[in-house]
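There are two complexes below, and they share subunit A, which is joined by subunit B in the first and by subunit C in the second.
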Partner chain A sequence: MQDNIATVFRKAMRLEESFAIADAMSFDDIPGWDSVGHMNLVMELESHFGISLDMDEIVGLDSVGAVRAIIARKSAD
Partner chain B sequence: MSAWIALGRCVQLLPEKVRTEADRPVEMPVEPLVEPLLAHADAFPDCPSLRTSAGMISYGTLARMVRGAAAKIRRVLIHRGERVLLCGPNSPELVAAYFAVHAAGGVAVLLDADITSESARWIAEDSEARLALCERELDLPISVANLAAWCRADEGEQLASLQCSLEDPADLIYTTGTTGRKKGVLLSHANVAYAALNINAFLDTRCDDLECVPLPLSHSFGLGRLRCMAQAGHCLLLLPGMRNPALVLKLLLNARATGLALVPAGFDLILRMTKDHLGDAREHLRYIEIGSAAMPLETKRRLMELLPQTRICHHYGLTEASRAAFIEYHADRDHLASIGRPSPNVEMAVRDGEGHDFPDSQEGEIVVRGRMVMREYWKQPELTRQVLSGGWLRTGDRGYRDAEGYYYLTGRQSDLVNIGGRKVSPEEVEQALCGHPAVVESACVGIPDPQGIVGECLKACVVLRSEVRDEQLVEWLRQRVEEYKIPRVWQRVEKIAKTASGKIQRHLM
Partner chain C sequence: MKIRVIEYADEWSDALAAFNVRLAAGGGKVSFPPPFVLDVAAPAFHHGLKETHYVALEEGSAGGCAVRGAYVMKFQQFWLSGDVILVADFRLPVSEAIVDHNYSPVAAGLLVNAQKRQPLLYGLGMGGFQEPVARLFKAAGWQMFSVPFYFQIIHPFPFFKNILYLRKSVVQRVACDFLAYSGLGWLSVAAMKALHPRRVPVSDSVQVEVVDDFGPWADDIWEAGKAHYGFCSVRDAATLRKMYPRQVPNCVRLKFTAQGRPIGWSLLMNTALSDHAHFGNMRLGSIVDCFAATQDAAQVLRQSQEYLVRQGADLIVSNQSHHIWRKAFQRCGFVRGPSSVLFASSRVLTELMERKQVSPDDVHVNRGDGDGPINL
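Presenting the complex of A and B:
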């Protein structure tokens, strides 16, 4: 799943393949993670994992680790 | 004592006649905004002025921060009117620093929190600033101090008397010029105080309002909300920005905010990410101010449905003439495609290139006049003469007025692109792109945002000498320009269409 999430981040934020994604990374650590990048992230996550995120879940997408935890929980549901 | 608190109670600072006769010119005494702010603080020290994730700051505490920082700044400034750069994210310290510069007799020059070092250096040199107060390290050729450290509410020296008057310069705001070179808009204390008066009159801001502000205070729109607070005495819920739009809405709902200021792209993001949850604010959200860009009609109608009781006020304005016109969606529901009518105390007209007024329905250049119109462009007298005459400002926007006095925009007279409310010069991005080893030349043009969020975005056409991926060009630009300026659409072309004199023919792209 880590690789999938890294792929989603790279696509949403228009990052190069070589850009390393780590769980501890937050808004300030990832170029392009502004409001539009955040919306692209939500759309890519929903499309890639076939899920729907509610408002509270979207609020919680504030780091790579948080994204991974939410996706893991949604996938287990 | 300030005229604004003559009522002697923290109930309503704006006199009734200002609020109820908004369509007619209103003669009101105004003062440099720091005066009513401090007077309000002295009279009602426990009233909340700012709320952040860290807690509430009272007007009394804010006043101590302002007077303390002003005393420090005063010791550095040699003359009144010297420029002080301020750079930091939204915070009580940035708010205090802004008013402290005014109190000390300086001119505030606000920089985007994420400004590149190159741009900051250029502004420092062009403005001939004496001092910079920054939250992050910037390599500048002037004295730099830590903004937060200078603006704490400590027991240090407090400035005893204000060093500014209405006709003194207050703010120098750099905007994007048509050639890519920034231009400084110099505003006097009278300009910003009258702008606040006009805005408060239209919005009907009350001192018990709690207003959610996710806008950067370094931008004209966000700064305008801060100025209005100084005059109306209400409380701002300061948010760090719109990076997480759903969080903005959640905080607004949790706080039961009565006001909200946001650009159209912000509403679009909130509506897309949270569906109809904005409607959950209908019981407490009294007013909204929208600005800096146009909003699609569909979004306007959606807001009206979700918030049937909220005054939804959309302004038209420029840094040079803050909030020249307003429309309130519900009251003006039959004119939603317009930018509204002139704000209180503001005149507007449509003219030809020679300065003659056009009759209704005839398209020309929109001009505005009022006490909020800028004093001049900094160190650019020729440019000032080109746009200012007899108190009238040429906006560079084309449009017309209908028989009922509503104004409609039909286009711009420049190549500037409005990306989510921020003006971008294509030339600046082209220059940055052309430094890339693989790029021979490039041309950028504004196109409708394919995602429909930020209104316009940049499309870049590039002539390459070697293969390069879009992501590599994006990464190159990230080192050189702000994120929002980076093109969203890329096209490889054989050559750039130009006129005989070498000017890029953007309309052909």
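Presenting the complex of A and C:
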């Protein structure tokens, strides 16, 4: 899943394949992670993992680790 | 971050004011207005339409709440190729991310929240495809297209002296002044008119009347014309009175009649501007809104244009999306210019339009929709 999330991040934020994604990364650490980048991220996550995110979950996606945790929980549901 | 979106109430007025202060202090150029108080004596455009304000609240550690974002939904009935559906205009979305990127998720949350409340959403305006709201809509999978802008220069001298869009640099200002004072501006406008002649003659069989308000005759026009459009806001008399209250100053309603039968209407503005951001101190004529069965569109437009010319407009402008009206503007000698007005439809609304085989060419929106004719 870690690789999948990194792939989704790179696609959503239009990052190079070589850009390393780590769980501790947040808005300051990932170029393009602004309001529009976040919308891209939500759309990519929903499409990639076949899930639907609600408001609480969307605003809770404030780090790569938080994204991973929410996806893990949604996938387990 | 724990955020909930709720309908605005007066108890959040201080929190909203603090939100606006933070935006301003951080250099933000936007703010979020509290709901207007309906002023029966002096209503503004669209004040009769139902509008709901929402705020995104973050619970504070001390038990208080801070507003971190907000949006408005304005509800209106729309005609969609045979059906009447309720659609909301998603307006003024703003989030704290403008000044603090730790709140970057809020804008997406607001949009998703709005889509859950009302999947049939649209946006109009936005200022261009590169503006943040337009990019947010695009990221959310909304369909977007530009609503073409048309203009016609009537008086070249005041046009070149006041068109701030073309007078941004010293060189441009000198060039515009040269065009204005040398007479070359007049010649270039004459050449433009030769290239874009008015191909629609004013018909003697169509009578034009300035009316105070939209009466039952507007219902007849709506019923006769609506089937010619794929998608447009319902423009019956009751709705038009809500969109354009009769007490709003400086707008003119023209009613067009042929053989005793009402065939169309237009809503015009003719404003002596003062230090307008784009048009300086020009007298600006605007064809804000118009409706007719498509075969009558060109005549409604031609005579609206004639009215504004007689009233002394220096420049006449309009934004129009429907292909029949666009063609009418071209045939009446208007020139298409760069447009900052976009129409965006949510994914669900877009799917509904596609099921009804409604293309962007069939959509009739103009400056009467969205926020209404502000800044005109």
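Keep this in mind: the second predicted complex is superposed on the first by the 77 of 77 C-alpha atoms of A that agree within 3 Å, B and C clash if a C-alpha of one lies under 4 Å from a C-alpha of the other, contacts with A are read in each partner's own complex, and residues count from 1 in each chain.
In the analysis below, contacts are C-beta pairs under 8 Å (C-beta built on N, C-alpha and C of every residue); 3 or more make two chains touch, one makes a residue touch a chain.
All of these numbers come straight from a predicted model, not from anything done at the bench.
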Which of subunit B and subunit C A:Leu61 touches, first, second, both or neither: both
First (subunit B), second (subunit C), both or neither touched by A:Ala69: neither
First (subunit B), second (subunit C), both or neither touched by A:Val42: both
Which of subunit B and subunit C A:Gly32 touches, first, second, both or neither: first
First (subunit B), second (subunit C), both or neither touched by A:Leu15: first
Contact residues of subunit A, present in both the subunit B and the subunit C interface: 27, 33-36, 38-39, 42, 55-56, 58-59, 61-62
Residues on subunit C engaged by subunit A in the complex (per definition of touch): 1-5, 95, 97, 101-102, 104-109, 111-113, 116, 132, 135-136, 139-141
In the complex, subunit B residues that touch subunit A: 241-247, 249-250, 265-266, 269, 272-275, 277, 451, 453-454, 469-472, 474-475, 478, 483-484
Contact set on subunit A toward subunit B in their complex: 14-17, 27, 31-36, 38-39, 42, 55-56, 58-59, 61-62
Partner subunit C, residues of subunit A touching it in the complex: 27-28, 33-43, 53-56, 58-62
